[in-house]
Each structure stands twice: as C-alpha cells, then as structure tokens.
C-alpha cells in the first residue's frame, strides 16, 4: 500500500489547510499522518475519529464533536466573528465540529444553543448578539426549519448545516437537508448532512474576502504573505 | 362495467358524507353520480375535476381548487371556527379545497394567506384572529416550516397539509411533508400532500366532538338525530 | 458547551408542557435537566431513553416504551377518553409511549391490542368500547391498513401512527406511513413513524377544545387559570 | 432495423401465448405484428395501446383498459372462475385489463367493483359470490389495503395488483405496492403496478394446475394436445 | 399490557393456521404464546427468532432459517409438490424458511440450490425434476433474474421471493424485488423481500384449490371437515 | 381570495428585496403585483415565468432564464465581482437567472461558459479572470463535478448550483446536487437544484459584508442609510 | 450569452471526437455548432435532437434514435466488430443510438434484436454470430436480466445499457440499471440509463487498445498519426 | 441442505474462473468449498470474508480488502497493464480488492493512490505512468468526480468503481455511483458500489481481447488451449 500523499500546498493554493478525515483510517495511518504534520511544524485537525484512533498522539480530543486538534502555530487572526446557532442538544456535535474547525482556522466564534423554532422566543432573545456576527452557521436536525427563520430575520451570509438528528422520516438528516435547500428564505446556502467542518471552511472563505489577492507566476493564487505571517 | 356503488350510508356511519374524487372519472360517470345524488336530494362535492368533466351539471365550479360544489341542503351548523393558514399564493389551491370542503360540511371558516416564515411578521399580525379559531389547518410547500412555527405559538389542534409547490428537492411536496412529520413542535398531525379535502374532514371530526354519541342496535354509531335535522 | 435552555413557558403558551427527548443526551445532561424540573416542582417525562441514561433519577422507567416518568403534580383531569388501538405485539412500544404520555398530560385512556386487519373480528369485537372514546390513536406497522379500516367504521378524530415494524419494503415504517397518508378513508391524520408521544400531544390538543381561551396582554394565549388549577 | 421476432412457441412451452406490449411500438410495427398473427390464425391481444396505434386492424379496442383484442380461435375452456375485485372506479382500467386478458386466455370471470375498505360493507355483501371463485385478483390504488382485508376473509389464491391511482405519496402506485407486499395477511402475492395483464396470466397458471403434464423429447413441456384442441 | 390475542379460528376461516412472527417478541411473550398453542394441541411455527428467544420451549430450532417448529398433529397431506429453487448459498435462509413452513402446512417439497443465472446449465440440468412440481417458489438476491428465466421455461404457478442478499444497489433486496416485479416473463407473482414463509402460504393456497368449499351459516368458509381430519 | 401580501420591508430587514416567484401565479395576479411595485417605485424581478404570464407589463423578459426584470431605481453599486461559471450550454438558463438577479441586486458580474470537466483546459484558461472575482457561483448538471474542481483551485467563497440537466440517474438534478454536497473539496456550499436566483442572493449577502451594521430600536437591523442612498 | 466553446482537441487528447448533446439546445445554437464543424471539415453527430432542431442542416436524421449524423471524412477503420444485442422493439432507440455512434466512430457493427430472456431460445440461436464479435453491448429495460445471461455465456467485454422502458417499478429504467449493476455474472460494466452513445464510446476505447501510444511533449497522448490518416 | 454446486466450467466457458463470494457463508461451507478447489488443484479467491471465516484454510488473508487468496497454479501471463487509481485512503479496500483479483487472474497491475480531485496536481503528476497502462480502473467515494476527470485526459478503457465512502448524502456510495453514471466524460463504464472484484474481471475481459477465439462443438467458446497452458 502506498504512503498517504498529503496536500501541504493546499493552504498556499486556496488559503485553507488540509484537514484529515479520520473515518476509515487505522491508528497506524493516523500516527504516520501526524508525524508528517509535526515534521512540517503544521497544526493538525482530525475529524470523525475515536479516542482509540488517536491514542498517544500529541493534541487534544473533543468527545462531543469527535475531533482531535493540535495547534502548533497560532493561525493569523481574521477580522469578523462567526456565529454558530443550533436547535437543540442533539445538534451539538455538529455545531462543535464547526466551532473547533473555526478555531483551527483562526476565526473568532460565538455559540447560540437551544434555538429550536418550537420556542422561538429563545432565538429572538439573541438578536443583538447575532447582529454582531459577520457570518452565521445554523445547525438543525428534524424538520430543519431554523435557517429559514434566521434568514428571514438577519442579513448576514448564512450557511445551513442539516444534522442527522431525528427518527422516522427525519432519520439520517434528509428531511432537514431538503427543508434547508427548499427554504423560501433568501440566499441560504447549504452543506452536506453533519458537515460542521465544511461549514467552517465555507465561513473561512468568506471572512477571507477583504484581503487583496494576486496571481503568482505559477498561475496560482499567492498566499505567501499570509503564510509567512504565521 | 358495473355501476358506481355510492356509499350514502357513510354519513350515518361516521358523520361524514361521501365526497366524489373526480380524477380519472369520465364526464359520463360523473353525470351518473350527480344524478344519483340529486335523486337522494343530497349535496354533492366533487374534487380534482376539470370544467370539462362537470360541464352541464347543476352546481358551481371553483377554478382555483378545481372543485365542484352543489349544496342542496344546508348542513347543520357546527360550533367553532376552522382557520386555514397558508404560506403563499401558490398554496392557495390546497387551502381553497379545504375551505370549500369545510363549507360543504357545515363549518365556519377563516382564511389567512401569505403567512410564509420568510417574513414572519405577517403571521404574527394575525395572532388575535388565530386565537379565535377552534381548529387550525396549515398549508405550505417548499420547506414546509409554517406548521412548526404556528404549533409553537398556538394551543389548538393543528392539521398540517404539505403542498406540491416547489422545485428541485421540493418538487412534488415530499420535502414539505417530511418537514411537517418531523416537526419538533408539539402535536402537529399531517395529511397527504395537497390533501386539503382530507384536512377539512379531519377538522370536521374534531368539531363534532362535543356531541353525544350512542351505539345503535346495528352496532354502528347512530347519527339519525343529526340526519333528521338536515 | 452551553447549559440546556428549557422551555418552561411552553405550557403557558400552548397548553402542552415540554417533554424531554432522551436520545443523544448524556446521563449528565439528563441529570441536569431532571434537577431543573425538580426545582420547578414540575412533572418530568423523558422519551427514547435507556435505563443507563436515567439511572439514579427520581421516577419510573418503562422498558417497553423506553420512557421515564416522574409525576410531581397530578395534571388537571380532562374530560373525554383517548382510545389507543394497535395491530400486534410488535407495535406495543409505540402504543405504550402514547399511553404514558397521555397519562403525563392528564388524559384518561383505554388500550386495544391485537387488532390487526388479518383477523378483523378482533377489532369488531371492540366496537362498543371504541364508541365510548373521544379520540382514537391507531398504531400499526407492516402495511398500515388498520387506520383505514377504523376510519371507515368510527366517527371520532383519528390519529394514525405508523410504526417501524416490518421487514423488506416495510422496514423502517415508510410503507405504513405512506399507506396511512394515502388512506382513502375520510379525515385520517398522521404522525411521524413511531411518534406515539406526538400522537398523545395531538390528542391532548383536541381534548382541550372545550375550554375558553383568551389572548393575554403579551399577545399570547393565557392559560394561567389552568396553570393555577394545577 | 430487424423484423420483430415473435415467440409463437411460447404457448407450447409454458401454456401461455405471447401477448403484445403496445407501448413504444409504431402503428406500422403493430400492423406487421398483426399480419403475422393472422397468418398463424392466432388470436391477438395488444395491451397499452391507443386507438391510433391499432387503427384499421381487425379486432376490438377497449378504451377503459386500452387493450385491443382479436379472438380468432376460441381458447379451450378452463375449469374454475377468476374473481376480479377492485376498490374504486379509478382502478377499473387495471381490473379491465385483467378481465380482457382472462377472456383471451379462456378463463371464466366475475367482476366486483367499488369494494374499497372505507365502506367495507360493500365488500362483505359479496362474500357468497366471492366464495364461488377459484382464484381472486384484487386491484387497488391509494393505500392498497383491500388485499389484506380480503386475504383475512377468503381462502383462495389471491393475486394483488397495485394501481397507479392516487396523489402525493400514493402517486404512481408505490404506496399501494409496498402495502400489498408488506401485508400481514397470509399468502398474498403481488404483481407490478398496473399489471392487470400479468395477474391474469398468473391466475391462468394456477387454473392450469389440474391438467397432467409430460416432458417431451426436447426437454420441454408438451402442450400439443391442448394446442390441437384449439 | 394486554395478553396476546391469538387467532385460532384463522385455519377455520381461510385454511391457513396462524404463524407466529418472532421478531420483537420477548422470551416471556413467546413462552406464553407457546403454552396456549400447547393447550390447543396445535402445532406451532415461530419465524424470525433467535435461539435465546425460544430457549426451553418444546420443538426444534433451525439456525439457517431462524425458525422454530413444533409439530403436534401431522397436517393432512395435500396432493402436489412445491419446488423451491434458489440462486446461491446466501439465499438458503429464505428458501429454508419456505421449506419449513411448507412442511408445517402439510406440503411435499423439493429443493433446488445453486441455480444462479450466471451458470445456467445448473438450472437446466434440473428440468425433469422441476416439471414434476405443482408450484414453484424461486428465491434470489442480487439482480433477481432467476424467476424471469424459470418463468420463460416452465408452465407452473411461479412465486418469486427476492432476498436481501447483495451489496451496493442490491443491498436490502430492492434491486431483486424490482427486477422480479418488472419481469417480462409471463405471470410471475412476487412476495416481500425475504418472505419465504409467505411464499409457502401462497403455495398452500394454490395446492388447496382442488377441494370443494362451502359457505357456512356464519357467512364464512367452512373448513370444519378438514379440521376434524386433523 | 385574499390579496397577495407583499413584503416590502424585507430589504429594510435583511438587505435583500422581495423577488416574485412567478410559477403558479396567474397573469392577473402578476399584473396586480406589478402595479403595487410600480406604486412603490420599486424595481421588480419575476422568476420562472412565461411570456404569456407577463404580457403587457412594463419591463423586459429574458427567454433563456425565463425571468422578467423592470429596473426602476439603479441599485447602489457594491464592491466586488461575482463570477458565474457553468459547465455547458444546457446549464445556461440557471446561470442566466443568477446573472440577471445579480444585476437586479446591484452586483457586477462576469460569465464563464463551457467549462465542463470533460475538457478541463477550458476552465484552466480562465484562471486569471477567475482570480479577479470576489465570489464564485458554479452551475452544473449531469455529474456536477465542476465545483469540486474549482474549489480545489481557487480560494474565494464558492456557491454551487446543481442544474436539472441530464438523463437517467441525472434526471432532475439529484445526482449533481448530491455530488456537490458530498464534494471532498473544502468549503463548497450548495443551493437547491436550478436555484440561480438564490445563489445570487447568497452572493449578495457575502458582498454586503464590509458594511457596518447596527440594530435599530425595533430590534431589527437598520438598513435605512442604504435605502436612502437608492 | 457566450459562444459555445467546442472541444476540437478532444480527439487528439483521448482518441474520441466531441459529440454534440442536442437536448436543451436551440436550432440557432445547433446551426452555429454545425457551421463550425463544417469549417473544420469535421464529421458531426448530434444526439437527442428533434427534426425541428436540425431542420436545414447538412446531414441525415434518424427518427428511431433521434440522432443527426453528417459524415465528412470516413473514420479510419478499426479492427474488430461490436455486437449490439437488445431485448425488444421498445429498446431499439437506445440500441440504434449505439449503432449510429459506432458508425460515426469507425467501428463495424452487428445487430441482434428480440433477445429478451422470456424466450431465451432466440438469444441462443445467435451464439455463433455473437462469438465473432470483439465487444458486446447489451440493451434492456424492464428487469434488465439480459446482460446477466449473456455474460454467463460469452467471454467478451460486455457493456450493459439499461433502457427507460417499462412501467410501475421499472419506469424510468432504475430497475434495469440496478439489476445490471448487481449482476452476479462476471465482469459486466454498466452505462447510465438510455446511454447508447456512451456505450459506443466505451466500446471504441476498447477496440482502440491494440494501437501503440506515446506521450507527446505537452504531456498528453499523441494521436496525431491517427489524425493525419483521416 | 444441498452441497454447494461450484461452476468449475466457467473458466472454460467465459475465460473467467469462479470467485467465491464469502459474505453469508459459514466457516464450514467455506472449508468445504476450499477442499473442492484443492481437489481440482485450482487457485482459490474468496472475497468479503473475515479472518474467522477462513481460519485454518491454506492461503493468505488480506485485511484491507478482506479477501483470501490461494494461488495453486500461476495463471498464464496476459499482455498489458491494468492501472488502479483511487481518490483517498478510505477507498483503498476497494482498490485493493481489484488489485488482488487482477493478480489472481494473471494481470500485471500498477497502483495510484491519493489522486482525489481536491488536489488535482497529484493526479497530473502520474500522467506518464498512467499512459503506459492498457486499462484503467478508477475508485472513488464522496462525489465520485475522479473518473470524469481521468476520462477527459486519458484514452484507455476506463472502468469506474464507486465506493461506499462518505457520509450524509454520500453514505453508502449512491452519490458517487450516480455521478459516475452521469459523467459527461466520454465512454466511462461503471460497476456496482464497492465492486473492485468485478472491475478486475471486466478489465480481464478486455485484456483477453487480442486472443483468437473459436466456437467448440458444444456451441460454447473453446478456451482449452489456454487452460492447458496453465
């Protein structure tokens, strides 16, 4: 079997470092990956892993989101705040995956739990704080109505993340996914079910906006200034 | 081909008259059905029919809901009001089918249009009127979030009707149906997609509640008092 | 991680207390929730939980429905009886979840088991008792034909609950769900698969009907009379 | 394009003549097929065709089932009766396709319409006649509950045919198909949606049972006696 | 919880005894059921059970089909033979469930394994034996092509049973089910996925055909002669 | 039927004006809507309409995207450019809907057609121009691979829009939708199938980012400065 | 709207010329495309077009497959024969699309119609001719069993093409697609539903095998020898 | 239960030996199968098995692909090379199943891992080596875009294998399967999800092409020369 071929140039290319998808990888494979990140003095984020898969590695395991994080260089701070809203306790693992990924990417965050539409006063009580966010990430399972309501109230970019929380027709998250895609509210964009990590990266692409950007001689975007800063 | 075997005893049995499902029936079959209702001096409601199918019959065609109604005996008035809420103009055909069926069944109604969750102030502006209703019927397509929001605000029995309005993942109404079934709000019950007529009958079963009921000698519920009243 | 934000005002708002969805919550989270209910002297119902999740809490675990109940204040008795009909032993968990929730909500109940349509004489033998019920809840898996048959015989409001019982095309309960939604019987309304708890709440909304209702100054429905009664 | 290669030996092989599936065939192709059946002095049945497709051909078009039949040799009469039960007028096209195919195959038939489970007394009124049938075919759309009820009452072989009648979740017939496959009643077997013709052939295979059968020298079943009879 | 209400009259009504569906029943419930069958001196068949569920009961457990059988009275022998054909070893559990159910119902059987269409010579080698069968049951997973091929060669009633054997698009048996329903071969009828027991009952309904049948005074079919015989 | 209740405050609330969804609306309803927009001196965009629906109204119909636009006040110019990339000519209607909506919202745009991955050199030839865009919208049908490739090359926010272009498994756009949601590229967010208009609004939410934002006394975001500017 | 960007280098790159997908293109767009092919003196194949779309263009329209072909340079003859087998007349459009595309690509073909598995003797009669083919393409709708049977008999590369022919569960071709993918026969590979054109290109890739191949300086495969030959 | 009927003539018939599908077979059944292969001095490949199922058998177990291989006679070497490309580590089990099956069939192979489209430079770096392959097999999960990209660059026969790797809409591999079937690239053919073994057999059918082939007297293809060579 070949060695795993890591994409350390990704950050240089698109401004987002490689994040390791833990599922299906053996402890030995993850240890090998971790060693190579260490060699590069690069921070490491592994998603969807169990404690057993990352036992003995240098870093911190979060049991709610099932992520493993080792920050070696503090990422350059970005302007703006990403607000992560979620419907109920059951959605916390996905929200937490987003929050930890955002931390890994150098974004400031704010967390808004228990905002389910069945008791909308709880969401409305956060309006002032929500207005201070630059980008909103909104996680919900079951009928996935939360992003429709938020998008009707707030003007920011809104990234909806369906969660696999629910039973019957909601099992696996398709009902929430379809509700979010079909939202009659304006300009909601949607991630795959349970993809908190992807939502964080989409938010990071947005926060990145204000920076100037130039094509380098290789025909690719030059982010070397940013890289050196780190 | 056999004659159509109408169930004129249904009203006697379960308190709900037979309603004729127009789709797939030829004009000749509908004319035959209509003649037999006339012979019984019974009111007639045909759903899902075209003007061509009912041309020449005694009664009134409603083009929005595609229903045909001929009231021969005013139904006994029932206590209570059924409120029919819907999200947008595109949901009007289903809401209207419910309203006309409720009229056919003798229920007083109130109509609340353009209450989509993308601009929730419109719904909230109706709170006083909604509170006067006995039963609520709530029609929505796309992401079908409206019943979740209403059920979080109002205490009445709430019958949700998904509509086939929408495109992409919402096409045909499955996204709205699943969102309504998966609603995290308390005690929402759901009809088949576009089944405004069924929602009206479910509401009628509820309004009927306050009346005393006795088993007759045939082991069936005796509604003869009510029948004579008509 | 934030504390769980409980909605103790729900009962005030819509006449239905919050019920705790146990799935995905840790024992620590449930213990915290239970402590706050105790502080409010409020009765507590947790659905979809295991004995391990609620070990040590004050209350009673029912292994058939996987619910946990602690009644602290007897709910105000409601007029009327809810009949819970189910097809076979395999549907008992869902029926039992409905029965326990109804008990929690203060509704009188009656139970009708083994009423599958393959031996319809068993259902027909219960006709007298069924006629004494105010609302009927009907649970069935496999082909889900039971509500269609019941709705053709009885006049009451009928809430159908598909169960996830069955194999092959019936696995997971979609076949039963679709059959119930597509029922040609009049005015059947349907809950999500296995949602016995929701059916009980829908029944409770109906039993509640006879009571007067007024908007309070906050624009919400005032149920304070009822609350004080408790 | 090649000529159509007809399977005139099928009757010899399995006791069932070839039936022509009209859909997708041009009038010219059907005229060619018809000429070859005529040359063989064979009876011809075309299913799923429009009047325009068979215009000018020798035989009779049935607009309800959209079949075209030309009987050239009366089929040998078979012992037994096939009863065709169906739920409502909308199911008549499928029931009629079964009835005409049975006529083509030489089976005696009886027709039972408007037997939907919403008014079960209509089915029960036919019990005596149903008991005289050898095989039962049962067509229903919407929730497809009819075969479950019939199979719980009658002992004969029962062939269920879901129809594509219904809307919302019932559209296209999958809800009825799944309900029939998942039937908790004993020994119901099922055809594809709208396959009245196939149900007739399955019934014909059953009626055929009593006859002796011998392998001929080609290793195939010899039906030549039967063939000569014709 | 109510006692289980067994349908001991089913045999009298439709000629098929009740068979107990083991899945979801506790050992205590099955022990109770078994005791009542013993009291009636009735033979007992439990399907889809584990050894632990039936531990200590009188009878024999078959691990391949996961059925439990206790024959107390030999069923009256029926004329005819049911041939059970299956594609590969993986389909054996379903085929075996059919074979044991047929034994329980008093039918003579013949077994034909490893007849997959990828090596069709194996099926063709059985033609002589297959021709001696009265009814054929055909079990296959993956692409489910076997019944199409058999139906093109043999004239008997053919009951197709899709199995849940396969992976990818075949996982769970839907691919095989759809292939069997869509078979272009004549008169194949189909059971739910993995429903070997149902196929046996359908076969039993067919074998039963030759016997005279009379309506008794209760409007039900009188099978008392048959019953006494046992 | 009630009048249509337009949400003219939406722009004030979330910075996005109401856009009229033309499908299902009658010419009379659209004329009424147009009159009210004219009265407000507001620009009007109607999507998914036919020429017949908007005949006689003041504005311009685009047959490719089936949109109708009447600009009454030039929107305030926004900083940044939105690049709209699409795979082939068949995707042009969706791309064009996005482009016209962006024009309506005051965004500068650039168009990149025929960039399908089957001939990737065409996409790569646009790298310099793509790098000058602030936000990218990427429309593709069939296998929907284009956003994965673009997201692996470019750092901007990327909004993927699946189109309903394709046949077989791609028909209706689900294959492209799922591919985009499942993209292994970093931070791609996705709209409903064919939702070019929604993608434009999501892009507008992003372009809006740099502006300061304050909660007004009504607890809603005050955009009045922006409004007066217009 | 941009001009259509044709990929005339594709043949150079992968040995397969661009084929124009006609669906969704206007007559004007196709005329423009055709003019540019003419300018290049290149042969032109348009698939999935109507006569109206290509009216006035130089070339020949085939109504069965709905393709339009204009051969300007005879393609270099390839060694080997592609056999195209199909189940019934209804599958002819797909088979014909494959045959015409193969002609366009310079492949010799042989056609085998009416080979459905319901009468397998018809397929077996072609064994000698089938054995002379280099590659087999196998088109079938309904249950899609034909490739399984062919792959069990013949050793050549076998490309299965499901067709959208059938009704009920077979409608649209998913049943056939899944059966072909799930085939228990060895080494069957599968195309999208109705993709006769793609099957021809896959066959062309295979026939191409025997030719030497070298990387040119641009890092791409050099097919210039072949090109000059034309 | 019958003995397993192995198809040792398959190699003779279609040039491909029987491969044993391990799933659902007991250790005893596999031991029996292995003994019969040993008796024939035939090489044995078992797929989808656990170490426990094959414990004690002569041969080698590969834990990544879950295959068991025992080579008894080296297969005749075939001309050409099969390149196996895959997207990421998670796809390795399927790629490895293909590689081991190819080894079993006597094909030379080359392996290309970590070629996911999110970092396309990794694929492009292999262009020279890829160009030396005769046939390409391409395994990918998630959005399954890899074969589209490869097919746009390389001229060889390309067999795409979707893997069940991914979550949310990608779970189980349907998203990748549909993307591959819908590929707009030319002439991609597709296997069932995770079917690495089948892809190897399809490649083997292609490599086999150059050899002469003759029908033997039994009407089957004579591969005896090849067999003796072994």
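Read from first to last, the chains carry the letters A, B, C, D, E, F, G and H; within each, the first residue is number 1.
Just so it is clear, a residue touches a chain if its C-beta (ideal position, glycine included) is under 8 Å from a C-beta of that chain, and two chains touch if they have at least 3 such contacts.
In this text, all values refer to a predicted model and were calculated from it rather than measured experimentally.
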item	value
Partner chains that chain C and chain E have in common	D
Any chain that touches chain H and chain C	A, E
Pair joined by the larger number of C-beta contacts - E-H, B-C	B-C
Between chain H and chain A, distance of the C-alpha-averaged centres to the nearest whole Å	37
Chain D and chain H, separation of their C-alpha mean positions in angstrom	44
Centroid distance [mean C-alpha coordinates] between chain H and chain G, Å	25
CA centroid of chain A to CA centroid of chain D, Å	58
Chain G: positions in contact with at least two other chains	10, 13, 88, 118-119, 151-153, 168-170, 174, 177, 181-182, 186, 192-193
Those chain pairs that satisfy the touch definition	A-B, A-C, A-F, A-H, B-C, B-D, B-F, C-D, C-E, D-E, D-G, E-G, E-H, F-G, F-H, G-H
Of all residues in chain A, those that touch chain F in their complex	10, 13-16, 19, 80, 124, 127-128, 131, 134-135, 151-159, 177, 181-182, 186-193, 195, 198-206, 208-210, 213-215, 219-221, 223
Of chain D, residues touching chain C in the complex	87-88, 116-120, 142-145, 148-149, 151-153, 166, 168-170, 174-186
Residue ranges of chain D touching chain B (in the complex, touch as defined)	64, 88-90, 92, 96, 111, 113-114, 118-119, 121-122, 165, 167-171
Complex interface listing, chain F residues touching chain B	1-2, 4-5, 7, 9-10, 13, 21, 23-25, 29, 48, 162, 164, 172-174, 177, 192-195
